[in-house]
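Next, two complexes with chain A in common: one pairs it with chain B, the other with chain C.
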Partner chain A sequence: MADIIVSILVSGLVLGSLYALMASGLSMVWTTLGIFNFAHGVSMTVGAYVAYEIAQRLGPDLWVGYSILLALIVMVVVGAAFEYLLIRPFYGRDDMVLVTIMTTLAGLTFLENGVLTIWGPRLKQLEPLIPGNISYGLVNISRQELIIVLVAPVILLALFLVLNHTQIGRAIRAVGQNQKSAQLIGIPVTRMFLVSFGLAAALAGLAGMLLAGVRLMTPTMGADPLMKALIVVIFGGLGSVGGSIGAAYVIGFLEAILIFTVGIYWTPSMLFLLMVLVLLFRPQGLFGAKNPSSL
Partner chain B sequence: MHTLLEVEGLTAGYGDHQVLNGLSFTMGEDENIGLFGPNGHGKTTLFETISGLIKPASGKVSFDGRDITGRSPRDIVEIGLIHVSQGNRLFSDMMVGEVLALGAYPRRARARMRQNLDMVEALFPRLAERRRQKCGTLSGGERQMLNLAVGLMACPRLLILDEPTLGLSPRLKDELAAAIARIAEGGMPLLVVEQDIDFLLRLTSRLYLVNHGVVARTIEVGSDSFGHADVMKEYFGMTGH
Partner chain C sequence: MINRPLAIAAALILLLLLPLVLQGPYIRHLFILAFLFAIVAASWDLTLGLTGLFNFGHIAFFGLGVYTAGILTTQAGVDPWLVIPIAGIVAALAAFVVAAPTLRLRGIYVVLVTFAFSQLCLQVVMSQGDLTGGAGGIVRVPSLRISDYNFARDQRLGYYYVSLVLSLACIAALVAIARSPLGKTARAVRDNPEYAAARGIDQMRIRLTMLVISAIPTGIAGALYCIYFRVAAPEVFSFSTSTLILTMLLVGGAGSIVGPAVAAVGIVMISEYLEQFPDLKATKHMLLAVGIILVLRFFPGGLAQISANLFARSPKTVGVTPERVP
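Now for the complex of A and B:
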């Protein structure tokens, strides 16, 4: 029994860390632009494949961490390009939210099939950052998973500090709350949109690159995490990056428990059922304020 | 006298609805200007066009000799023209201290952030007490103080105030008017829209009556003991008070 509990805890932590990386970016884009980015999941896929490609080019002698760093820079550019091509042409339109659902869905299809065309359907894997496993008492975890569990909170803490304690972070939040007031203090609004898209894509890409060291990569690997990130963002309360991060771990643990109790096939439906219940009884989300004045 | 702000033949509006119909006025470096006139005749539109939120259809805005017509709000803030808009609700989920820090966003204001913060907190001690409180929880008067303070954090060379005491109780109105008078005494050029003519008469050296999107009349304050009653007469065509 104890070993089961430990393995659920470990698996919940790993899932929660990945979902937190995904959901924080999704939530940040929602908070600043007020749109739901359907192409966010594919950023994860593209990140993993770009890191794979760079690792192939650099050769097997070089540590995979360098490829991941380079791929993260590429992802910032990819995210910024998303904003520039898929969102920017529609700013100021009354139907912007609806139009961007279509353009981000188009971006998703384009990139998913682009990955399939460029890299083919064959399963691929990225070298783990540090190979091997760690066994400590009842805990049995691969070193890569341990890295995921340790790196995610550090990155998210850094994101939190940037958003709350730097001028650019405050500016990103300000733009989400009141664009006109932000303009009047000299904040370049569209540049903040660009920055938050770039950051979000890098965060999702990082999740993909870390996951690709544990599981096999496929062109559709981002679809399921996007769905989970959607549940997480609603669970945590729309418009709260901190709430999303908390909810990501809750969902991660719930998923680990559900997989063990009701099995892998029923888990997604149970999670969606839970989301419906949350929306019914606590529409502001688990960690959302009673009165979401920011929306 | 050196001209600080010059507006020439400005036309602008929202969509097909033109609000400004060739409005012109000038403002010198060492003077405060008041604008008044009926609602819906272009005062707010004029300010939003000057600060770059609205692109003018024609006409010209120059600041300190530089043509700033149609420039982005960000460029205009960077050169020191700060518009404190009417009833600005700012950022409801951010703390007062954060919003003040954000006020120093323009490049030219960053180095002076510490001094400016001390200055605005001396001017509005109530904001210093509320530093860790969210903007959305402030009272109307406190929010208006914060609006002014955020404007001052940006190191303005010209401060444009759109009805700074709108909707406030008489006591708060006096408090805010006193603060604005102190800002003016510090040598800050002010361009103010107000419905309270007495307030404008005390603060400014010249008044422009804005009517139907143009400056309908220019009134030199104090030149020939021009008073409240005279303004009312000009404004409404009334003979008494």
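Now for the complex of A and C:
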């Protein structure tokens, strides 16, 4: 019994960390731009494949340091280009929310098939950062998963500090709260859009790189994490990055428990049901900031 | 200025006589596919375009129609003719299920729930392998026949007419609904929800009605799709199917019902033409994606907008961007 509880805890922690990395970016783009980015999951795929390509060229030994950094820089550029091409032209339109859903869906299709064209459908895997497993008492975890569990909170804490205590982070939040006023006090609003899209893409890309060391890479690998991130942001309340991070861990643990109790096949349905219940009774999310205007 | 009823009559006669000219199973296959997708695109337009309901799970109704037909015919031995209306009913019930959590929500939350619903359907289909065949799908679905005549014979002549008649009937019904007081009310809810509410319109009821109505033809089209291809595969729930139909809707002009149906014919032709080159499969989807963005950027009214200038008496169609009354 104790070993089951421990393994549920471990797998919940791993899942929660991944979802937190995904959901934070999704939520950040929503707060600043009021855009739900359906291509967020595919950013994860692109990140993993870019890292794979770089690892192929520079050699797997080098990949730990430079390659991750290089891949993250590529992701920032991809995210910014995405904003520039698919979001900016529609800015200020009445039906912007609807139109950008369609453009990001189109972007998702484009990138997913682009990955398929460039790298092919065959399964790929990144070398784990550190191979092997760790056993400590009842805990049994692969080192790569341990890295995910340890890295995610660090990155998320860094994100929190950036958003709350740096000028650029305050500017991003100001744009999210009131665009016109932000513009009036001299914040370059459009540049903030680029920044938050780039940052979100980098976060998703990082999640992809970490995941690709544990699971196999396919061009559609981003679909399931996007789905989970979607449930997470609803659960946590769309408008709050912090709420999303908290909800990510809740959902991670819940998924781990559900897999053990109802089995892997019924888990998605149960999570969906839960999401529906949250929407019915607490549409602002469990930890959500009350923001009825975004409803 | 072209006479509108005359143009419609001419188009109908053309479609009825087309098989005389188009010999060969492949070209008829293209038209059958186009007719089926025309139903899906036009009925999606009823919720997304006309009612302004951010329904992104429409493909789920289609997929449910496909699987209803597949499961009932192969596992319960139900007659394929009977399965077609049943699929419509199943899709309508599914619409009720989706509607329950979405009715009170607005905007992005509706998108999330409907989208999640379609993904959930896919996951259930994949996981219930005993019933649905999992990733392999259901094969050997029985074909439509009257006594001994298989509808796939004579170069698919039977399927051509069945899908044509169903398609015309569904689209006519959808157009009639769009023009009825119900359709006008839906448009009011889309263009100015506050004013509509002030005039005593029950928005929740309108949205529920429209969602259920739009699901029925979609389920029917799904069932016929399954019976025609004689398989039910999980790809029907996929993003690419959704994107394909969204392209039809946008190119045709959201909110115009007929526009997406007409666009479906053209887009199925292009998409199936590219399907001949297996290497270009991914490229095809990339092209569709670029198409969506270009249409949204430069022709937000779609074909309907263009033809509205052509036909004198055609009602003013509104694109995805309704002009709001301040």
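One rule holds in what follows: the second predicted complex is superposed on the first by the 283 of 295 C-alpha atoms of A that agree within 3 Å, B and C clash if a C-alpha of one lies under 4 Å from a C-alpha of the other, contacts with A are read in each partner's own complex, and residues count from 1 in each chain.
Rule of thumb we're sticking to: a residue touches a chain if its C-beta (ideal position, glycine included) is under 8 Å from a C-beta of that chain, and two chains touch if they have at least 3 such contacts.
None of the values given here were measured: they were computed from a predicted structure.
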| query | Touching A:A55, do we find chain B (first), chain C (second), both, or neither? | reply | neither
| message | Contact-wise, after the overlay, does A:A71 reach chain B, chain C, both or neither (first, second, both, neither)? | response | neither
| message | Quick check for you: in the superposed arrangement, does A:L86 touch first (chain B), second (chain C), both or neither? | response | second
| query | Which partner does A:I187 reach: the first (chain B), the second (chain C), both, or neither? | reply | first
| said: If we overlay the two complexes on their shared chain A, which of chain B and chain C does A:S269 touch? Say first, second, both or neither. | reply: second
| Regarding the shared-chain residue A:T103, is it in contact with chain B (first), chain C (second), both, or neither? | second
| query | If you stack the two complexes on chain A, which partner ends up touching A:L13: first (chain B), second (chain C), both, or neither? | reply | neither
| query | Among the partners chain B and chain C, which is in contact with a greater number of residues of chain A? | reply | C
| request: Would you mind listing the overlap between the chain B footprint and the chain C footprint on chain A? | output: 294
| request: Using the touch rule from the top, collect the residues of chain C that touch chain A in their complex. | output: 54, 56, 100-101, 104-109, 111-113, 115-117, 119-120, 123-124, 127-128, 239-240, 242-243, 246, 250, 282-283, 285-286, 288-290, 292-293, 296-297, 320-322, 324
| Residues of chain A that touch chain C when the two form their complex | 30, 36, 85-86, 89-90, 93-95, 97-99, 101-103, 105-110, 112-114, 116-117, 223, 227, 230-231, 234, 238, 264-266, 268-269, 272, 275-276, 279-280, 283, 294-295
| message | Give the list of chain B residues in touch with chain A in this complex. | response | 51-53, 72-74, 77-78, 82-85, 88-94, 98-99, 101-106, 110, 136, 150, 154
| task | Would you mind writing out the residues of chain A in touch with chain B in their complex? | result | 164, 167, 170-171, 173-174, 177-178, 180-188, 293-294
